[in-house]
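Order of writing sets the chain letters: A, B, C, D and E. Residues in each chain are counted from 1.
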Amino acid sequence: MSLAGITGATLAKDLRLEWRSKDAINAMLFFALLVVVVFSFSFDPNAEESRQIAGGLIWVAFLFASVVALNQTWARELRNQALDAYRVSPAPANALFLAKTVGNFIFVGVLEVLMTPLFIVFYKLRALGPAWQLIPVAILGTWALVVNGTFFAAMSIRTRSREIMLPLLLFPISIPAILAMVNATTAILTGELSSRFWIVLLATYDVVFTIACLLLFEMVLHAE
Amino acid sequence: MTDQSSAAAAPIIIITDLVKQFGRFAALRGVSAEFAPRRMYAILGDNGAGKTTLLRVLAGLSRPTRGSVSMLGTTDLRAICRHVGYMAHPSLLYDELSGTENLRYFARLYEIEGRQRCASVISAVGVDPLLPRPIAQYSQGMRQKISLARAILHDPQVLLLDEPFSNVDVHSARDIGARLAQMRDAGKTIFVVTHQSSLLESLADEFVWMQAGQIVTRTPHLLPVEAR
Amino acid sequence: MKRAFPIFAILTALLLSYALYAALVMAPTEKTMGDVQRIFYYHVPSAWTAFLLFLINFVASVVYLIRRHPLADIVAAVTAEVGVVFCTVVLVTGPLWARPVWGIWWTWDVRLTSTLVLWLIYVSYLMLRRFSSSSQTPVLAAALAVFGALDVPLVYFSIWIFRTQHPQPVIGGGGSIDPRMLHILLLNWLAFLCFAGLICWSRYRLERLRREVEETQALEALLEPRRVL
Amino acid sequence: MSLAGITGATLAKDLRLEWRSKDAINAMLFFALLVVVVFSFSFDPNAEESRQIAGGLIWVAFLFASVVALNQTWARELRNQALDAYRVSPAPANALFLAKTVGNFIFVGVLEVLMTPLFIVFYKLRALGPAWQLIPVAILGTWALVVNGTFFAAMSIRTRSREIMLPLLLFPISIPAILAMVNATTAILTGELSSRFWIVLLATYDVVFTIACLLLFEMVLHAE
Amino acid sequence: MTDQSSAAAAPIIIITDLVKQFGRFAALRGVSAEFAPRRMYAILGDNGAGKTTLLRVLAGLSRPTRGSVSMLGTTDLRAICRHVGYMAHPSLLYDELSGTENLRYFARLYEIEGRQRCASVISAVGVDPLLPRPIAQYSQGMRQKISLARAILHDPQVLLLDEPFSNVDVHSARDIGARLAQMRDAGKTIFVVTHQSSLLESLADEFVWMQAGQIVTRTPHLLPVEAR
């Protein structure tokens, strides 16, 4: 109960801060828009080709955008050392972790909802496989990105040059997830292969790493 | 000063041979002390003496290199953090939220019932709780007061205050001093780091002088500047 | 103990040179690939050694997280460093071999990709250690090591369904191998293990020494009067 | 003279903040490698389609690097309001602008130098057109990215209402540059068309926007 | 106090009906005043009185909503910024650089010859210029002193100091006060916003009392707290 309550409070606070400053969503949106444009100029897609590469495109854009968002949301905690106020309170570390994860999930989710129509229009996408499966892929994939991202962002605030540290820690660990989400998306769009395997893999990844993060986050938060 | 013979009471904080090193630099060099409950301690010392470092260790924010701290009967400072209030040099607040919004959030972290308490604490430190501005737009002194309000919000047993009077105007500083004395009389143990010792002259029970990472003297009365 | 180290070092050197001789001269020449195949005696033992070191790193990290013993941290740091070196050897010898045999430097298949990912994970581990500004670096590093270890099986699963070009495992797998080759391979592996053990040992001693020096310096700093600032 | 001197001093300060240690270059090398590897996982380098869009891919990678760099450089000035110290000094506003731009140019440039060979290896790129032309394209394109990026980042931290619309308003301005650099790169790689036109466009864009930024930056810096 | 009849001298700063509004809130509500050169003014007032806002306007950091400021004979504050030194609540320094590195950088912004001057200014405020740590790792008081050093680095004619004594230990505060008096005697005009007015009791030439965005009184002597 306490965990849920504090997670809710922290999440509400984060959303309010973001609503007031709009740093994260702004930076993400700008970046993601540019990515769409860059690609749409770099080749003239016919439907077949774009199906082949759209999976990679979308997820690379979201991956990079979430790195930008994650850096922003943690930077906020460091200003005035507000994180110390959390650390001296009896609130469980995991509540902070969950709130940040869900918060970033929402930010990246909003971005995805805004960007997907653009992608579809620009790249003339039409799924040949079962399109509804894109929804679980998107949810599981986004969760995979933000759950590890949040954890490693918390770790990277304890390092020098923390902005560049986040991708350094996050990318290697995320490779299986990236593979899974890209391949699942491509499989659904082209309809050639089944995306089953990838979705299961993604789900496993999510479960394993969510548990690992929850177990280890307290240590990372209090490591100073 | 309180008349209770609190020296006889079991100490609420026992610090044993505390050392905190940052790389090769020792900010605390073997601090040992005991502090009795229900008293107000003024911690004084020059810049860089190690006062903030000591407070951060007591608050559990910083792990000592050596030595131990036992507070309220335990050495696991996380376990008793509910009973400790900490105020630091930086405000520990979110710039984009107003004072009340900040306190409401922290109230939920301590799982105490918000609205009423937040408003009364903010008024108590002398700020208008209805101010709608985000605290980035408060004046420095107002921010400082909200920061103090955050530290006393959950009515802690042990209060660690790092220069609560800096940037605060004279009247408010007196009010805050009086309020701290009240809290002490209500049974709290209070540590105040300050350079404006005259404000605590008649309020604090003991003056703890730090120098170069050590506690050098503890006196029941304030020494004149020249004698220090 | 003091004398054990040079003796071990000499033994290792002898073993390594004998293994080299065995690999280059004694081993039979492979039919299709020719002499290029001899890189095999470096490629495979390096890989196995690296895996072993990463395994030790994982165990030491878990031990550190539970017991907070500083020696476990040193072991973790050292094995990660040396493991990365051996893993680099695999990643260098692999393409060197691939170029004449397959005609390309690199391809995305299971073994190659997973080795690369493994290397990336442990390089990021070393980066974290290097860049950390916290006094709790060991905790952060150990947490990352656990993440890395969790990641490895998932990497294997995720690249499972790639088509593979790389030879199947010698031992346990379906592949067959000339017993002489196998013997020389195992001999080389033994030599590599000794070599790795030697480096780890000296790194371990160096690291302990460094920390001891740091501690004494810190103690001295405690004793000498502090400049008033 | 004063302009050059102060630009130099500011640049030196920024570089020092960034490169406190020699490890920084290792971190950047690793970052470059990671980005390329992530791309290879997302876009199968053997596929013909990926080769087609390599021009776009490279620029997305550089874009990501510059977003990370830009966020970092201005965040630094805002901490402790160090920017105010610059504003009360007699130093010309443009010196700050130039220093930031050059600093980011160096940062992104180093990453480009590190990433390009990796891209070439991983994607087996071989320019069919005149490869040396890639160098002016890279220089002009990077300059276009950072000059606009620096300006807009400064603008968004100085304006009170960081409106969600800001990226949407700003980014049409960047489109011609992106169009030009992507098309020039693709033209050179495929060797099918001449890149002349695009290079000239890029150069014009650079000149125009550098001048515009220099003229407007003082206003942006001292706006409150 | 200086004995020169500086009241007769032409004012160095003329403020006319200054109004600064933040949205609907007026932080300065019609401030008019003249300040003579070669004097030290202590600006006093409660938290939120508008002291910082006034200083920021004088430093040219904040544009007044109405009214004008003329300083050193011009209303274009950018033109004379070389002769103005400003110290604020935040340190205005780069956390990752050491004190000396920070000052060297700012010296170059003012195009003055660095090394010698930086070291002497840092020593003057009572910090060791050889300290290699980045200032994020200095104690709060040390950081405050470096911040003051930055403000006086280029030996400005007009000095605007926002609470230079907060977080600074008693001895250093006295030294800094004495040093400011010296500078005043050397011909500078100095504005010190502070809540520790007793430190300036015998040093300042005039005490300027602000309240709710206005200057309410100017007295040559410090009033006792009760009378304010």
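Quick notes on this structure:
Rule of thumb we're sticking to: contacts are C-beta pairs under 8 Å (C-beta built on N, C-alpha and C of every residue); 3 or more make two chains touch, one makes a residue touch a chain.
Everything numeric in this text was worked out from a predicted model, so none of it was measured.
Fewest steps needed to get from subunit B to subunit D, stepping only to touching chains, is 2. Both subunit A and subunit C are touched by B, D. Two chains share more touching C-beta pairs than any other pair, namely A-D.
Rotation angle for the C-alpha superposition of subunit A on subunit D: 175 degrees, rounded in steps of 5. Mean C-alpha positions place subunit C and subunit E at a centre distance of 60 Å. Averaging C-alpha coordinates per chain places the centre of subunit B 29 Å away from that of subunit E. The centroid of the Cα atoms in subunit C and the matching centroid in subunit D are 38 Å apart. With centres defined as mean CA coordinates, subunit E is found 39 Å away from subunit D.
Those residues of subunit A in touch with two or more other chains are numbered 21, 160-161, 165, 168, 171-172, 175, 179, 224.
Annotation for subunit C: residues 120, 123-124, 127, 131, 135-136, 229 touch two or more other chains. Contact with two or more other chains is made by residues 142 of subunit E. By the touch rule above, subunit D contacts subunit C in their complex via residues 23, 26-27, 30, 33-34, 37, 40, 44-46, 121-122. In the complex of the two chains, the subunit C residues touching subunit D come out as 105-108, 116, 120, 123-124, 127, 130-131.
Taken in their complex, subunit A has these residues touching subunit B: 2, 5-6, 9-10, 13, 16-17, 20-21, 76, 79-82, 84-91, 222, 224. Interface residues of subunit B, counted against subunit E in their complex, comprise 22, 25, 45-49, 52, 89, 126, 133, 137-142, 145, 163, 166-174, 195-198, 225.
Put simply, subunit E touches subunit D in their complex at residues 59-63, 78, 81-82, 84, 86, 88, 90-97, 101, 105-106, 108-111, 150.
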